[in-house]
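Two complexes follow with chain A in common, the first pairing it with chain B and the second with chain C.
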Partner chain A sequence: MMSKELSIKNSLIIRESRVFRNGELIFEADQGLSTTKFLKKVYNDQKLKYSKFFKMDELSKLGYLGTEILTNGSIEDKETALVFANSASSLETDVAFAQTMEEFPSPSLFVYTLPNIMLGEISIRHQLRSENIFFISEEFDPLLFIDYTTALFQQEKVENVLCGWVNLHNNDYDVFLWKIANSGGMEFNEEELKKLYLPTHE
Partner chain B sequence: MKGVAVTGMGIISAIGRNLNENHLSLKNAKNGITNPEILSTQHSHLPVGEIKLSNAELATILNLPENHSYTRSALLAVHSVKELLENSGYDQFPEGTGFISGTSIGGIDKTEQHFYDYSENPEYRKYIQAQHPGFTTEKIAEYFGLNGFVTTISTACSSSANAIMMGAQMIQSGKLKRVIVGGSDCLTKFTLNGFNSLKILSEEKSLPFDDDRAGLNLGEAAGYLLLEAEEYTSGRSVLGRVSGYGNANDAFHQTASSENGEGAFKAISKALNKAGLSGSDINFINAHGTGTRNNDLSESVALQRIFGKNIPAFSSTKGFTGHTLGAAGAVEAIFSLLSIQYGEIYPNLNFKTSMKETGLDPVTSIQNKEINTILSNSFGFGGNCTSLIFKKDE
Partner chain C sequence: MSDLHTELKKSIIEQLNLEDMEVSDIENDEHLFGDGLGLDSIDALELIVLLEKDYGIKLTDPNQGKEIFNSVNTIADFIEKNRAK
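Moving on, here comes the complex of A and B:
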């Protein structure tokens, strides 16, 4: 069985009103901004033009923005698999939908009450008809990503994988995206992933 | 390509509390669709596939202590994994057995029952953490002492199909030797109201693939399979094999399927490719067939694109169980393996008129014939399409 070394090509972090690409701070807004306002600022800063953005729930917006920034708006390999996870599932939107149930249940909220809708949004934006999976874990679990992604490569199903931890809970967002390929970057292992994910110190 | 061995199964659904009861209902074309009786809802006119056991009754069957914090999904899951264990030939699951569970609802049932009680009634607060979908999975793992690889998949209505795919992949790549895969979802007000708001619930029993279909009936179920690496299967009964699997995104809409069924087409193609089969090798298709206008047309178009004029016999079993969301992939995997085991094709209930657009007719009465290879489809919101291929063990 093939056991080639896999590489982390690049990475992106969005948390606490900041955006980092490959460890470098590329955008910062006032601390304490609401998630909605912060996301709008990132959207504007990136000069994005994608009207579907405004219909998305916040979880999908986080996934969409992270992907745009990490990939410079272009995913060339349309077979790039998406391997994503989070802890809070779609809880924020679940709550918002549950509140509408008291009077008139909102279909436009209900469609976002699943965390993998974000993968649908990314797939629609980049016209990816590739393999997708979404996991729920208590906390960021590097080994889960490594196991799943390695199996995809071993089976020769893919040449590129976009991995993502996109969590949103009580206005607290935590986005970590990275791309895995056969070569050209740092080694794809637990230690490197943890280093990239852990809160950035200046 | 031999495929990954299935060496145990367990199920609970609206048509039965175990494999035998589910098999008898399928064989006798007996559906489990009624108005809600256990779920308390004002939408009492909407038919559902409900398991007629209360949480208290389930807890008694499972010998749980009075102060347990199992959600309904966890109760259903434990019930079916118990059956799986019994027919697997093991007294208890061997050390290192993995557990991959799919769910789309997690513990929402407990949150909606007790949310307003939390501040006043401390005894309900044990359910606050049950909202986390991973909690339900952990409870099931805890019941059986599973402390190896445990994870939760949430990809809507293809969740448990993806759990089966992932388990097979992990065994084939040598990461796991033995893994329980499947899923569990219960009825909730949340989903009943949500699907109703999308106007895709039928007020009558659903009519999958019929020209007059008017939506789906929600259901609840749990279904699990034990997958084992080849070196552990000698001398044990192999119920069938997972020989192909494929997943693709439809990349069309948050919840609706594309007109040309591109995601389904790609998922089926990938599964055939993985199994090293061509379309003509498929004896039967357990279709996703929810009974919505959109899914059944999109899926039919995908089938035409794959199989041309020679579409194999197909049916949807949603008319028996309702659409059991995250559990549907595992439930229908088990029905597929029953078909292989007994040489039976189970009918697509309530079908009368072919769809104008495609003219396709599903199987409408039970047929007895040798079945070697079955394709089972599960498509979810978010465009997540999964196809699995099961083969007879040879």
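Moving on, here comes the complex of A and C:
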């Protein structure tokens, strides 16, 4: 299988008020913080300076922060494809926007009522003009990522792919990002992905 | 600085999520778009909503926007002449 030749270069997890990079805990905040407050703490902890961050919806903030931390703020290969998924789509923002419709519909909420806007935010930040796709699946599905990413490599469309499971629902966020390349890391297969995703996940 | 100018600056910061800014950071005659404050087209739409929600002013001609939203001064002038609440 082609995926055996591909490698997971590094990974990141944001969940339950904690941030892990390559399995190592790099930030922890008080449990029970709202998503907004937690994300602001991560932003400040990382000493990021990107005023557009505060305009993003929570889902995009999760994707942006995860990418910044995983890549140390730099994606060198501007052809890096983005292959992302989640289960709740942009539901949190959809609901918030629906509530504003009772009085004055909010333009700034409306623009985030699609989950793939997050990919636009990441692409703008890193000046990517590459392929991107956002899947909705009931739960984290390693094979979905493996099949699509493998196809991209087989078609020789990319040399690097940033994959991400970025889910947000009822103040519960679950972020798992990882980079795939032709060499230089652990094997890109279902077992390894599950191992990376599951350690701290209930 | 009039109360209206201060009130507008506070609303702009809050409505447009300019978290890293304070009232004193915005000059009355500073351009809000482009090189000045760097607002974008979605911010412009939020400003239109703000005019209607807070001052009862409905913009009927979108072309007016460029002139009205030039700076805090121009918005304040427009509100004083047209406010319904």
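To be clear about the criterion, the second predicted complex is superposed on the first by the 195 of 202 C-alpha atoms of A that agree within 3 Å, B and C clash if a C-alpha of one lies under 4 Å from a C-alpha of the other, contacts with A are read in each partner's own complex, and residues count from 1 in each chain.
What we mean here is this: a contact is a pair of C-beta atoms (placed from the backbone, for glycine too) under 8 Å apart; a residue touches a chain by one contact, two chains touch by 3 or more.
No experiment lies behind these values; they were computed from the predicted model shown.
> Who does A:L198 touch here: chain B (first), chain C (second), both, or neither?
In the superposed model, A:L198 contacts neither chain B nor chain C.
> Examine A:S106 and indicate which partner it touches, taking first as chain B and second as chain C; both and neither are also allowed.
Touch partners of A:S106: chain B and chain C.
> Tell me which partner A:F97 touches in the superposition: chain B (first), chain C (second), both or neither.
first
> Contacts for A:S51 in the overlay, against chain B (first) and chain C (second): which applies, first, second, both or neither?
A:S51 contacts chain C only, not chain B.
> Using the superposition on chain A described above, determine whether A:L25 touches chain B (first), chain C (second), both, or neither.
neither
> Looking at A:G120 after the superposition, I want to know if it touches chain B, chain C, both of them or none. Which is it: first, second, both, neither?
The answer is first: A:G120 touches chain B but not chain C.
> Which touches a greater number of chain A residues, chain B or chain C?
Between chain B and chain C, B touches the greater number of residues in chain A.
> After the superposition on A, what does A:I136 contact: first (chain B), second (chain C), both or neither?
A:I136: touches chain B, not chain C.
> Would you mind listing the overlap between the chain B footprint and the chain C footprint on chain A?
Dual-contact residues (chain A): 104-107, 111.
> So in the complex, the part of chain C that touches chain A is made up of which residues?
16-20, 42-43, 45-46, 49, 52-53
> Spell out the residues on chain B that touch chain A in their complex, using ranges where they run on.
Listed in rising order, the residues are 104, 106, 108, 112, 131-134, 149, 151-156, 162, 166, 169-170, 172-175, 189-190, 193-199, 246-255, 262-263, 266, 380-384.
> Inside the complex, what are the residues of chain A that reach chain B?
Within the complex, chain A touches chain B at residues 1, 82, 87-89, 91, 94, 97-98, 101, 104-107, 110-121, 123-124, 127-138, 144, 147-148, 150-152, 154-155.
> If you look only at chain A, which of its residues touch chain C in the complex?
The contact residues of chain A facing chain C are 51, 54-55, 103-108, 111.
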